[in-house]
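You will see two complexes here that share chain A, one where it goes with chain B and one where it goes with chain C.
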Partner chain A sequence: MSAATNYVAFILTALTALLLPPLLLATIRKTKARMQNRLGTRLFQPYYDLLKFLAKAETVSSTTSWVFRSTAVANLVTVILIAFLTPWLSYGPHFRDASDLFLIVYLFGLARFMTVLAALDAGSVFGGFGASREVTLALLIEPGVVLALASLACVAHTSSLGSIMSYSLVDNPVLYTQPIMWLLAGSGLFLASVAELSRMPVDDPTTHLELTMVHEAMILENSGRNLALTEYTHVLKMAVLLGLSGQCFLHSVADLWSANDLVRGAASIAIIFALTLVIALMESLIVKLQWRKVPEFISYAVGMSLLCFLIAVGVR
Partner chain B sequence: MIANLDAYQILAISAAVMAMLMLGTTHLKGGLSFYMVHTILVAAQAVFMGGMRTQLHEYLVPILYAGFKGVGVPIFLTYVMKKIEVDDDAGTYLPPPLCLHIGILMLGVSYLLASHMPGLVAASDAHIGAMAAMSMLFTGMLLMLTRKLAISQLIGFLVMENGIYVFACSHTHGMPMLVEMGILLDVLVGVIAAGLLSNSIKRSFEHIDVTKLTDLKG
Partner chain C sequence: MQDPGSPLAATLYLAANAFWIAGILIALPPRTGAGHKFFASLLATGSLFLIASLVLAWPTGFVWTAPQPIFLGMAPVELKLDALTTPFLLILALLSFAVAIFSPGYLDHLKDRVDTRLYWCCTTLFVFSMAQVITSANGLTFLVFWEMMSLSSVALVMAEPIRHRAQRAALIYLGATRFATALIAGSFIWLSSASSAAHSWRFSDWDMSVHSYVPALLLFLGLCIKAGIWPFHIWLPYAHPEAPAPVSALMSGVMVKVAIYAMLRFFFFLPVYSSVIAYTAIALGVISSVWGILFALMEHDLKRLLAYSTVENVGLIVSAIGLAMLGRISGQIYLTELALAAALLHCVNHGCFKGLLFLGAGSVDSGAHTRDLGYLGGLAKNMPWTMALFFIGCASIAALPPFNGFASKWLLYQSYLNLAFSSDHILQRSLGLIVIGIFSLVGALSLACFTKAFGIAFLGRPRSDQALKAKECSEGMKQAQLLLALCCLALSFSASATVLLFQPVLKLLLKPIYTAGPIFSIPMTTLFVIGCATTLLIYILFNSTRAHVREYNTWDCGYGPLPARAEETGTSFSHPIGIIFGTLLQYRTITQIGGRDRRHFPEHIAVEVYMFPALEAILYKPGIAAIQSLSGALVKMQTANIHIHLLYVFVAMIVLVCVGIYL
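Right after this comes the complex of A and B.
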């Protein structure tokens, strides 16, 4: 890749990371509205919402400390870092060596840790139980995510996500022959992302009822600019996580391994929208699970990753 | 070896995986839909075993298999469930997530068993078939051992029966039609008998929790 195209690719990635995420949220909302025979809000409403929040004044509880103040920014920085380290848009040659899968998993962990701290910091009841639920969920999800990525890493003989998902026959000739493994890893990651992103059937992001909230309960204290940053971080995280599982699905298509970068980039964006639609359909058709049934749902994510792991042991 | 799977192997393995997914849920309707897909896949792998079939009856039996066991039995069990008003497993001896993961590990164990067990046909199709079949046996066993509801145990039994069918298919390239039809009929009658039985158990005891059947002693 020449220096000029490299710059163009970098700028395109940056622009996509900046502009795409709220559109995903809009897609989910619009699809859900259409499924319920409603007209729904404007397609670009999430952008207007973000702008509105940015312009509003903040209310900050007097019991909070610097932890609460810094969390929104810290999370945004962490997730932007993840967005540039991981090849979620099939592009990541700049930081190929830095995109270690364990680094990525624990950067997500760091963001979650900060969110939980901020939720506890305000001292409200909602923050407390939201945090406790979030940590429980994280505990259940993490084996699924790590196992899926680590199985791919075992077969590719490298833990760098940039190399694993590079569509390069030179880097990983064995993974090219394992479309089923990619599919399993993709579905494991996707199911885990649904839980991680607090979408249905694990958590209902549209209600503010204490029995159902997980993510919303934690960010309840945020307002104004803080809320804008928090919301944007969440949608960016959604784009990255869906992008990562989308990359796994795309790698199972042999034609894409020989396609050019532009086709791959377009396919990546298309698959992110496809997965978003799947989430929207799931939210329209499935009811939210009881909290004690959530482990059953997540066990399927871990199950997919375990199957992926079995294949990895078989072909290694 | 896993790299190049043919249609038969993919069908057999996905049938085994579908059976495993049943372990992860206590929701009976969900379990039944997994069972439906699983059985239809089992019937489909019978068609693909050993390449293209030539005789009509070799298609007839899988079609009947899918029709009776894959569609008829779930419809009948749904009817029974509606009649006795259960839609969720009352309780399990092992948590369902753990069960699912044990089931998946058992797939690995079946793989090892299939490659080391003496006396099995050595062809790669038969190997994968035997692996899928053993995994289904384990899955059925786990279902029967860990669930407390009579209907779940019935489904477990049916999964085990499917496993035996897959094993037979992978090693014989098709049994005589009469034998297959006989087995099919037996299973169907068995399911109907068990369904009616759980219905009357429910009527006499107001539950179908098999752990509490000692009440029968009075």
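Right after this comes the complex of A and C.
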């Protein structure tokens, strides 16, 4: 890829990362509202919410230290880095070495580390609960995510996600012939993302019933600008994770490997919206699981990854 | 003196040893007038000389044989410094320097509880003997200094002999280290009697490829005990926390690495083509890493938590060494190099951040007078320095980019991924991917463990009066931690350069087959700079108009401030994970709710969490019971009757004569 196309890719990714994420949240809300026979809010309400939070005064607990105050910015920067390194859009910039899958998984780890510490920082009961559950969820999810991606990496003979998901027959002649593997990896990643993004049936992002929540409990102390940054970080993370599993699904379609960039780009955006709709439908139709039942849900994600792993070991 | 390398380097090395020996000897007399500063400066100067010698000798090294009167009976005291010893000596020098700065302030807090003369004597001896174990060039030198290292550390575990826990820990540790030495000595005797030059003790004369597995297996077991590999790790979480914090740092940061060093020395320098040992190393390493981090997560004593995490990290290193052996046997050279680089880099990294964390725990202990997470909390307010430096240590050990732990974890993942796609056997390919999956679980667990250690100890509100009144540590203690934290940061941003620096080591270990050497290809510094620039940009964007920021209480649902008791504790933080891994951990929760109307208005609630030590009960209890009953039976022979004992002597003589005639 030449330097000029890389710049264009960079700008396009930046625009997508800035504009798309709140729209995903809006899609979920609107769909849920329609499913419940409500009109729902305006489509652009999440953007207004973010602007409103930015303008508001901020209340900070006097118990907190610099950890709490720097977390929102640190996480935003980490997730922005991830958004530029990960091939979650077919037209994203291509960094061969830096789009390493282990780097990306551990960058997510860095964001989690800061979030959990910020939750513990205020010394609130809810923050502690949320933090404890977050690390538990993470340890259930992580093997599934890493195993799915590492299986792809094993077949592609590289750990660079940029190379794995490049629609390039030169780079990955074997992966082209394995649509099932892409489907399995995609579904594994999608199920893991649902848990990671604190959506139903693992977590309920809309209640404030303390006993049930994970993510909301952790960010209970955030307000004003801090909350705006945290919310935006969360939706950006949602776009990246759904985009990543979406790319896996798209790679299973043989026609897309030979399609031109415009079609692929449109398909990338479309699949993110499609997955968002699936989440919205799940949230409307499925009840939240009891906390103890969550491992069973995540075992489906790990199961998909294990099947993916079996194929990877078989085909090499 | 005979030295193919630099004579100046050898002189500097001997000078370092001279400083340490002076330290040991001056501390020996009962009423020595010298103070902490004096001993600390001797230890620190020795470390500086060692660093200078390492720099000068890199990468050729030198050989030094002690002059004639110093002789070990069958072999001279022979020291040899080469590329492989350098990374390990470097961690030793670095940590002993930090310990020398840290100790005076720390000992002031211990006051009368520790005999300072004994402390300095043993610590200096400990450092001195570790350096000689690493440089020793023959079996006898190795064993002699290995024993000195073990026994001086046992004495240091007993530094506070009044405490019952210290006594117990020292006893368990002594037992473990006895066994390790016995196994290693047995293997050495076997190897030396079968060496190419008959009865040579020199390592370079030994050839492990010729013989059966027995000596190799004995050696491997002995080193596993010392390294704290599952299931021989049980001594480690007792011994490491009981020693004074600087000594714990040395034990976790360097002593277990000495065993790792010996593994590299014997299983690579001497050609051992045994896949049994390779697979055993991988299996035990992986089990140790999961086991260690799970138990670390359940721990509520800060130092025990760190000790268990050492088991995890050593497990990672040993599994990398096992993989390197496997790669070498099957001729996958790049894989071998990757795995070796991962093991070496993780040794250096772990030395730095584990040393930092143990010193941090010591600082917490001296400031708050407890290291129980249940009584800590909110130390961020009173101990800002310790907190910031401990934060760096936690982020490093949790392998978060850009901190240094990530580089070695990345190399480890890469080496297993390489096994997964370059091997011809389907089983080896599956092994590669399965281990990657397990290591990602370990990674998530270690993140949980260190968010717990840091978050519960330093953040939130103080859970006890001691934590509320905690004081920041003294200048020296702060500087020691700062030094190690800076080393962690330096290693983070020079990871690719450090991996390149390991090339002479890899060349030495893989002499005939060495090719290009692995590289750490992630542009970490660039990413970090971009990250910082973005942070600055966001800060300027959102802080240009200063919105009103109000400080207020933590959200309390309108009930008024909640007591600190309502906060999450260390135990409740890890409770969900304890339940998930309940069978492995033997984790039990006993809840008692009492009172007349216990459903609505309970009068008293008690929750007890209990972990049954299954490994000890199943694996070690029967063995210990057998030894005890055997020694009980032998006691009957001791009649305290002179005639019977004379009879024993007579019978023994007759038996010996018969044996002599027969032979």
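One rule holds for everything that comes next: the second predicted complex is superposed on the first by the 307 of 316 C-alpha atoms of A that agree within 3 Å, B and C clash if a C-alpha of one lies under 4 Å from a C-alpha of the other, contacts with A are read in each partner's own complex, and residues count from 1 in each chain.
The criterion applied here is as follows: a residue touches a chain if its C-beta (ideal position, glycine included) is under 8 Å from a C-beta of that chain, and two chains touch if they have at least 3 such contacts.
Source: prediction; values computed, not measured.
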Chain A as common anchor, with chain B and chain C clashing or fitting
fit
Going by the contact rule set out at the top, does A:177 touch chain B (first), chain C (second), both, or neither?
first
Considering only the touch criterion stated at the top, classify A:303 as touching first (chain B), second (chain C), both, or neither.
first
Report for A:313: first if it touches chain B alone, second if chain C alone, otherwise both or neither.
both
Is A:55 contacted by the first partner chain B, the second partner chain C, both or neither?
second
If you stack the two complexes on chain A, which partner ends up touching A:295: first (chain B), second (chain C), both, or neither?
both
Does chain C touch more residues of chain A than chain B does, or is it the other way round?
C
Figure out whether A:278 sits in contact with chain B (first) or chain C (second), or with both, or with neither.
neither
Rounded to the nearest 10 degrees, the Cα-centre angle chain B-chain A-chain C in the superposed arrangement comes to 90
Go through the superposed model and pick first if A:136 touches only chain B, second if only chain C, both, or neither.
second
Using only C-alpha atoms, work out how near chain B sits to chain C after the chain A superposition, in angstrom.
9
So chain A touches chain B in one structure and chain C in the other; where do those two contact lists coincide?
295, 313-314
Partner chain A, residues of chain C touching it in the complex:
377-378, 380-381, 387, 391, 395, 398-401, 406, 409-410, 413-414, 417, 420-421, 426, 429-430, 432-434, 436-438, 440-441, 443-445, 447-448, 450-452, 454-456, 458-461, 521-523, 526-527, 530-531, 534-535, 538-539, 542, 547-556, 562, 564, 566-568, 572-577, 580
What residues of chain B sit close enough to touch chain A in their complex?
1-5, 17, 20-21, 24-26, 95-98, 100-101, 104-105, 107-108, 111
Residues of chain A touching chain C in the complex:
54-63, 65, 67, 73-74, 76-78, 80-81, 97-98, 100, 102-103, 105-107, 109-110, 112-113, 116-117, 120-129, 131-133, 135-136, 138-143, 145-147, 150-151, 153-155, 157, 159, 220-221, 224-225, 229, 291, 295, 305, 309, 312-314, 316
Seen from chain A, its contact residues with chain B in the complex are 177-178, 180, 295-296, 298-300, 302-303, 306-307, 310-311, 313-315
